[in-house]
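Following this line, the structures themselves.
Two complexes are shown next, each including subunit A; its partner changes from subunit B in the first to subunit C in the second.
Entry: the complex of A and B
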């Protein structure tokens, strides 16, 4: 059993702490009294994952065993979480591959022949063949790709079906094949508490017409937090739940398979990043020095390649199958076991180092809008009950924030940065003035469908994710950020942590309390 | 008697060197490479009936002047000028002689074209139609070759203490029009002509490339004289962007962002060739190039919609890839200088329109720097870097010498 998460109070003996800064990292000395929040140690991984999968399929929650749901002549659709999970991508075999192989073997034994697989990428970019192969494994890929294993296309009018409206008037439009299937199996990876549950099908297989009902400023402002999907706490999850219920009442039978992973984030030689700094061995200290030197001196493209190629050694900690709600309850419990850290009280300043990767820049570039989303959208929201930082407090993030965009993956992001943010950073104004134009722009739609571009509306959602954080915080400072780019985001850049603290003093006073949220690994601060 | 003037003279070595290295070392263009000198030369004398002497009050430095000095002008112009000449065709001045109906001391703006009337010729068909900018006789008659005052050896130009002009070139100015506004009448007249040559349909999407003097004045003319829809302007420098905003541009973009901006506004498709700049399928109805560089013309051709119109207003100094002209079946339209225009069914000279617009619009600050003739090297240097230095128009005031 690993140690639980804990909060370290920095004293004279505390060594400098590891801080991620995009495609870089550093050891940063923190002021005395700073509270550093650490996730629990990695939970032990399941030995015999295939056996555990078979057991989960045979003993599902609130459902008949999968074997009994599979019938000859039936229409079976399998939806699979896309490239945004896990982070970094996991070493082969990916858990999705293992689950799919078991599910497909069962289906074959049951005489099911009409099987289609969809990467549930919603408005995310299409995955290319190599990326799909890594997720589903060689066997599945060779058997089904490309005819029966595809990316979901949220703009393919011929393969979408309008299901109806929820009690709240939210339109639900879904992948037609999935809706017309006798059974839809969803294969999930639950990296953080925000994922999974009814956020899988009604988002992953939906269209803009549907997604816009929960990915909007109002919903984001009323989701406190995204990582606390209990009813009434997160408007986005409440909306997804209503949609999931509507799908069920319209006859969609979903068999959910959710998996959880442990905190073993980085492979060797970067294993020291998974550990608490004062526990680094001499070898790990030397590795840190060598890795940092090489990383700092290496040319930017080489550095990018090295980081991009990292595959995480995460271990599987839980597999649950069956009814969506029943499964997700257990998934969250397992996730909390791995990520929940009790924190006493809020701080004036929350400090966080932004890593090189987020959900939307796998094999890509972390552009400035994604920096905003990762910082204020996701990491700020990694809490239960109340944020790590007090209302009107400051958030200090570490990231270089270069003005760089992936031209293939993020074309509408480029325009969003140049046109929208040049005019305003206010999420509501952005939503009312620009969203629909970008969402329906034929060029973005063309690139989403035929190239590997995120949907035209996607940067808007990234901006909305951070809406609550922007509204809540009194100041946002990015250490090492390109001043011009950071300024466009509406934040301030500092050249050093000391300067950032000095600047934050204008907002929170000269003797602020500081909490350092130590990620990765992933943690959820349960702030009391 | 002699008069002090800046004179552009023939110097093949300076011309060739300026053409070769001027772009890389701009300082040389106003220094040792400049084929220009400040001279005391014989007074210019009226060239016949209807001619008189003019004392320049302010005389602007135009992009075409700079192209000539820096050797970037096309050799096409060589038979259209007579050397040595005194540059300066954007002039507000006062008459030193009585010219026909205009008494001595009348304040005038110079319409610089040396057309048939000035040359003592019967009007050619274009002049007869009031389109003096298209005059076919600019190298003949009793006046030396010269498409305009400021390119003709016989007349002198605005960059001197006096020159001669024909009555057909003289437009009396209202007393209340400041000198700074008055010196902009000629470029404003060109801008008006450009805006009208663009033949903008009501509600059309228009892009203006360049936010120097002509770009900003074209924006003004489009807003005032046409029923254009949205206007986007491509501005390189921050001060230019401020000006474009002040004159009501709907969108102001940097050159590197221009294609994306037009694409966004028109919901066009953008394609990227294996080599060269991206282009649009779809795009703006009308694109007006007020720069005249290879890149600006390429941009104009690549962001105009199929069947759209590209107006070349800036003097073109380099060639562009004309493939889009063919493939998108574009109209390519030149806009050189003013003349008689038809606005809402009424026929008026572009100078009269310009004077009216100048009276109504606060354009004084466009003239950002004024130099005496003796500081011509600084003035040229300033004009060459005007955008970067936050200036739109640099002018000479020969009275300061």
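Entry: the complex of A and C
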């Protein structure tokens, strides 16, 4: 059993703490009294994952065993979480591969012939063949790709079906094949509390017509936090739940398989990044120095390649199968065991180092809008009950925020940055004035369907993810950020942490309390 | 953003992780941080012939002149060692870093050449340079505090090889100058090995260089070292009984220092030797009394 989450109070004995800064990292001295929030130690991984999967399929929650649901002549569709999970991508074999192989083994033995697999990428970019092969494994890939293993296409009108409206008037449009199947199996990786449950099918296999009902400014402003999916706390999850119920009412039979991973984020030689700094051995200190020097010296493209190739050694900690609600309840319990940290009270300043990777720049570039999303969207929202920082407080992030975009993956982001943000940073104005045009732009739709581009509307959603954070915070400062780019985002850039604290003093006073949210590994601050 | 040079990075790491010094855990993390793995520094090399020569040079050439120059150290009772056959266990009160140095520099050469010092593994053997210093200068060997049987394994090995050992039965230095409870591990070891125990009282070391000081106070403070009569474990004696006799042995030497050998003997015979656990009362009072300067030997000068 690993140690639980921990809040360190920085004292004179505390060594400098590791801070991620995009494709770089550094040691940072924090003022005495700063609280540093650490995730629990990695939970022990399941030994014999295949056996655990078989047991989960044989003993599902609130459902018949999978083998009883599989019948000859049936139409079976399997949806799989896409490239945005896990972070960084896990070392082979990916847990999705192991689950799929067990599921397909059962299907083959049961005489099921009509099987289709979809990467549930919703409005995300399509995964390329190599990426799919890494996720599903060579055997599944060879058997099904490309005819029966595809990316979901949210703009393929011929393969979408309008299901109806929820009680709240939310339209639900879904992948037609999935809706017409006798059974839909969803294979999930639950990296953070936001994932999974009814957010899998009604989002992953939906279209813009459907997604826009919960991916909007109003929903985000009423999701406090969307990392806390308990009913009434997160409007986005409440909306997804309504959609999931509607699908069920309309006859969609979903067999959900959810998996949880531990916190073992970085492989060797970067293992020191997984550890609490004061526990670093001499070897780990030397490794830090060597890695830091090599990273600083390396040309930017080489550095990018090295970071991109990191595969996480995460271990599987839980596998649950069966009815979506029953499964997700158990998944969240296991996830909380790995990520929940009790924090007493809020701070005036929240500090966070943004790592090189987020859900939408796997094998890609973290552009300025994704920096905003990762910081004010995801990391700010990694809380239950109350944010780590008080209302009107300041958030200090570390990231270079270069003005760089991946031209293939993020074409609409470029225009969003140059056109939309140049005019306004207010989420509501952006939503009402620009969203529709970007979402229906034929060129972006073409790139989404035929190239590897995120949907035209995707940068808007990234902006909305951070809407509540923007509204809640009094100041956002990015240490080391390119001043011009940071200015376009509506934030302020500081050249050093000391300067950032000085600048934040204008908002929160001269003797602020500081909480450093130490990620990765990912934690959820349970603020009391 | 300006990058720090590699030299600065190394300096930051060296400072932050206290290179060459004892690692320290942030206070708030003490409960959740496992104790660091204690490195077992090899010490046998320091007890070779070459080690002994080097030790003699350091002790006689540097340490002894420093101690006897910086303090007014006096030694009494070495005659008690006459006729005693080693190995023996030297036990002493412990209130200063001077203690082991004083014993090693006052022991006759014949004894010192075959005497090793038990030193706390977590303190004296935590970083390489301190470990090397302890092993070489004191013929030190590590003792893991609170480790039971494992703690005395090395001591037993040395005793089998004919080495006498210096042990401080209190386990750590006194913080107020008064004697703390003797740990029973010492008397157990003496009983198990059947070795003779020689009590030593070091008077004035606390006043001269208490815990927290790295150099003796100015003014050549007086220190007196008194070797006592050997104590031989009796047949059927329990370790508790032996431990009490050991404490009594040290207490008599303190009494002898305060009064006279004759008076101390009388009080010991009538079980009236003053206890060394110090006065009851608040901590400051114990420290106050414990740090009271001891009298200098002989008559005070007429002009004072």
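Operating definition for what follows: the second predicted complex is superposed on the first by the 528 of 528 C-alpha atoms of A that agree within 3 Å, B and C clash if a C-alpha of one lies under 4 Å from a C-alpha of the other, contacts with A are read in each partner's own complex, and residues count from 1 in each chain.
Throughout what follows, contacts are C-beta pairs under 8 Å (C-beta built on N, C-alpha and C of every residue); 3 or more make two chains touch, one makes a residue touch a chain.
The model shown is predicted, which means the values in this text are computed figures rather than measured ones.
**Q** Where does A:370 make contact in the superposed view: on subunit B (first), on subunit C (second), on both, or on neither?
**A** neither
**Q** Can A:15 be said to touch subunit B (first), subunit C (second), both, or neither?
**A** A:15 sits against subunit C, while subunit B stays out of touch.
**Q** More subunit A residues touched by subunit B or by subunit C?
**A** The partner making contact with more of subunit A's residues is C.
**Q** Applying the touch criterion given at the start, work out whether A:418 contacts subunit B, subunit C, both or neither, answering first, second, both or neither.
**A** The answer is first: A:418 touches subunit B but not subunit C.
**Q** With both complexes overlaid on chain A, does A:37 touch subunit B (first), subunit C (second), both or neither?
**A** neither
**Q** Based on the superposed arrangement, let me know which partner A:446 touches: subunit B (first), subunit C (second), both, or neither?
**A** first
**Q** Going by the contact rule at the top, pick out the subunit B residues touching subunit A in the complex.
**A** Contacts found on subunit B: 253, 257, 260-261, 263-264, 267-270.
**Q** Using the touch definition up top, name the residues of subunit C that touch subunit A in the complex.
**A** Residue positions touching the partner: 1-3, 6, 9-10, 12-13, 16-17, 23-29, 32-34.
**Q** Which residues of subunit A touch subunit B in the complex?
**A** 414-415, 418-419, 437, 441-443, 446
**Q** Would you tell me which residues of subunit A are touching subunit C in their complex?
**A** Where subunit A meets subunit C, its residues are 3, 6-11, 13-16, 27, 29, 276-280, 282, 285, 288-289, 292-293, 296, 400, 479-480, 495-496.
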